[in-house]
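Have a look at these structures, which come just after this line.
First chain A sits with chain B, and in the next complex the same chain sits with chain C.
Right after this comes the complex of A and B.
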């Protein structure tokens, strides 16, 4: 009995240690980026364009580009995701087709991001003729994000009690009317949570935009949907591997990495807080 | 009145069809991806034999005299880096999942689970950047190499990126083991550790396998981290300290530079097709394991 208790003590401590390792990894990542990136961050770095062959200046065009392309991603992924979820949860009879659809959604979520890049290049850039543009890149990221928004919306719809539906249907309104007025409004916070997480991922993605619209360097901001654009993740890739003087621009790369993770992690944090607020409210 | 009733009935039907169209979108996109990869990838084999593509270790599409399109070393590199990542990510991930599900205080768990999600939220390009500035120099120092951009660097990064997936899905699986199983084991006089090892983990095994498969799918398909941190030498790697170039990195490096509609261009789509099929199979296996009993969901 003594030895089995000792075993338990050792075993549980190994598990604790594993968790500590994970926290340590996260800590090292955040510490390194923050400590080395913070020195570069100032008003000019945020609001100026890169200068002198990208060895000086700031990252404003990359911030704007990432913002625009994420907006297009949202315009594609949110309505399509919500509509698909409405079908799955409100209209479809659960059976073979819904099983197949759910399997397709889970598989889409596992398709490598570079394959989405190939798909976007073939479909949006070439077949549909949108060229390498912010539109092609946004559509590509939108399709990549779709599985996330469908899954999140479906879960949010599922959480709306059936009595809400029955109550309004009993008053004689149509099914669509009932969904629009008595189901969707209550699902919105949940939909929002998942959507923000999906968009945060899209904003940080590089592989899908490599060939669909991201540009090495542009002296101006994107003017229309058919412009190319600079993006934060692509800019970090350039500054850390493709630049002609990598050692010199290392601090700028750290600054870019810091801005990128602050952006992405604050989106994550908002979603996490929204979710825990939602859980408390539903209890 | 009756006419209006008919009209709104028609409207309701139209709305339902509209949502149905959106519902099957996922299937259409999945088929669309596969079809376009086939359409753009298959022309490769007008110039290159399928046998050469699948069995040659020589990838050199830009050579003037002797172009070759063999993907064996690329596939091998992908698998090498992936297996290397799983060797540490799987035990570490399962241990964390077991800690979260069975050992941690509920309040602790509430804090730690979102923290793991934060790790999942870090963009791959940032992980790749850290591979260059942090992990690379460390490897070079420890193993006394001229630089640390090699397979083991990629494995470390991919492992870190696969961890959140492995942890969160395994944790769900372990938490889902019925309380009665554990109570029965404890009632026989064993302690909690013994119960965890001999009852709970085996009962959660199918979920854990699915978690590992999902993590593996992510590692196989990851691009930026391996592109930035493995050195990208397109040769057959002899050890984990060699520079490697995975399938994803090859596409990323070369697609930006090739003219459209050349054999080289098509061959990169053919690599994408192989990659798609590999991750599809891996995901399908995890899906079948996870949703074996999910008929009624």
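Right after this comes the complex of A and C.
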């Protein structure tokens, strides 16, 4: 009795310790970035372009570039991902082939992002001739995000009880209509959450946009799909490793990191709020 | 062979789940505007049989059907049959009440809307009529916009019946519709079934022999995928011809 109690205590404390370590790491990262970055954050930093060899000025072009490229990513990854998931979960005959397809999709999610970058360079930039552009970068990020949106959408569809499907079919309602009106609406919260989390990750990626469209420095905003663009993660990478005066621009790098983190965290927050709002609405 | 008073005629029906034969040479004639009860122990094939009548078994992969199922003298397994319109004519009520997480109104209006009825007055009318026929109107008429998830299990099941009635079927299949309900709710559903047979042909699968005896006009006894005996309920319960039927009915097994 005593020893099993002791074991339970030890087990419980190991679990608690793991949790604390994780929180601690997160806390240290946030503290480090906030404390070192908050000093440079002001209206001008957010709304101005970099100046004087990027040693002064702000990051507005990088914010806009990240926003644009994320929108293109969403346009590619969300519809394709949702449609593919609907096909896989609702229409495809379940068997060896669908299992194989699922396995391939899961594996794609694990492909290193630099590999997507190289693939995007080969396909979009060179073969399809889109050049290094915001379009090529967005398509590359879209490809990278697809496995996430497909998997999230499929899980969300799986969570909709079969009784909704059968109940609708038994009323003589066609399969497509049943899915559209009695399955998809209940999967939307899960699909949105997974999708936004995937997009948030894409917004913070550097490697896939490295050779496909991100620019070292542009004093202006992207004008079209074929423009190059600045992006927050790439800007941060430049400021931290490639700049001629790294020590001088370090505060700016921290400021950029802070903006990027706030951006990604707010996307996650939106995902959470959206999900709870939709859940309430569906009740 | 065909008879106008027989709504459903099944001839030599074999049914397979992959290699497993779930129904063997099942033949049955279900009279129109009567209640036909399918009884038998668990796993005897009665629910499988029920689902062959609106082809819900099509949704399960690896199933195979041989034989004939005629509804209004039309073979529902012929190649060019439109399954969607078949299911409009042959409604179904499931074992567990499965209201959609929508309002009570939207649950009933769901089928008619899907079939293209957009006119609000017409929909209102269908919803009211269907709920009245399902003996639920008095209990819910003042909260049609409330979620169907919030009403009791018995009300949910009557809502599912109303939902099925709303698409105007002429056959209603019920798969142990009261097995998840308490005795009071069960009594209400049974009463309802007896009223509904005036306008609909009803096939009901039931675990409860008392229920079959109470509400059905015609009974088929299933055992290991075959119909052992079928006939007027009174005869099956009082003068069964087969020893196995008698054993089951007197509670010696099952």
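One rule holds for everything that comes next: the second predicted complex is superposed on the first by the 249 of 283 C-alpha atoms of A that agree within 3 Å, B and C clash if a C-alpha of one lies under 4 Å from a C-alpha of the other, contacts with A are read in each partner's own complex, and residues count from 1 in each chain.
Methods note: contacts are C-beta pairs under 8 Å (C-beta built on N, C-alpha and C of every residue); 3 or more make two chains touch, one makes a residue touch a chain.
For clarity, every value in this text was computed on a predicted model and none was experimentally measured.
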Touching partner for A:173 - first (chain B), second (chain C), both, neither: second
Which of chain B and chain C A:51 touches, first, second, both or neither: neither
First (chain B), second (chain C), both or neither touched by A:163: second
Chain B versus chain C as contact partner of A:181, first or second or both or neither: second
Partner chain in contact with A:241 - chain B first, chain C second, else both or neither: first
Of chain B and chain C, the chain that contacts the larger number of chain A residues: B
Contact residues common to both interfaces of chain A (with chain B and with chain C): 94, 174
Contacting residues of chain B [partner chain A, same complex]: 8, 11-12, 15-16, 18-20, 22-27, 29-30, 32-33, 36-37, 39-40, 92, 95-96, 98-100, 103-104, 112, 114-119, 121-130, 132-134, 160, 163, 167, 190-194, 196-197, 214, 217-218, 220-224, 227-228, 248, 251-252, 255-256, 260, 268-269, 272, 275-276, 279-280, 282-284, 287, 291, 295-297
In the complex, chain C residues that touch chain A: 54, 56, 59, 61, 84-89, 91-92, 94, 96, 98, 100-101, 110-111, 114-115, 147, 149, 160, 163-164, 167
Residue numbers on chain A that touch chain C, as the complex places them: 93-95, 161, 163-164, 166-174, 177-178, 181-182, 186, 282-283
Touching residues on chain A, where the partner in the complex is chain B: 4-5, 7-8, 11-12, 14-16, 18-19, 21-23, 25-26, 28-29, 32-33, 80, 83-84, 86-88, 90-92, 94, 97, 99-108, 110-119, 121-123, 126-127, 143, 146-147, 150, 174-176, 197, 200-201, 204-207, 210-211, 233-234, 236-237, 240-241, 250, 253-254, 257, 260-261, 264-265, 268-269, 272
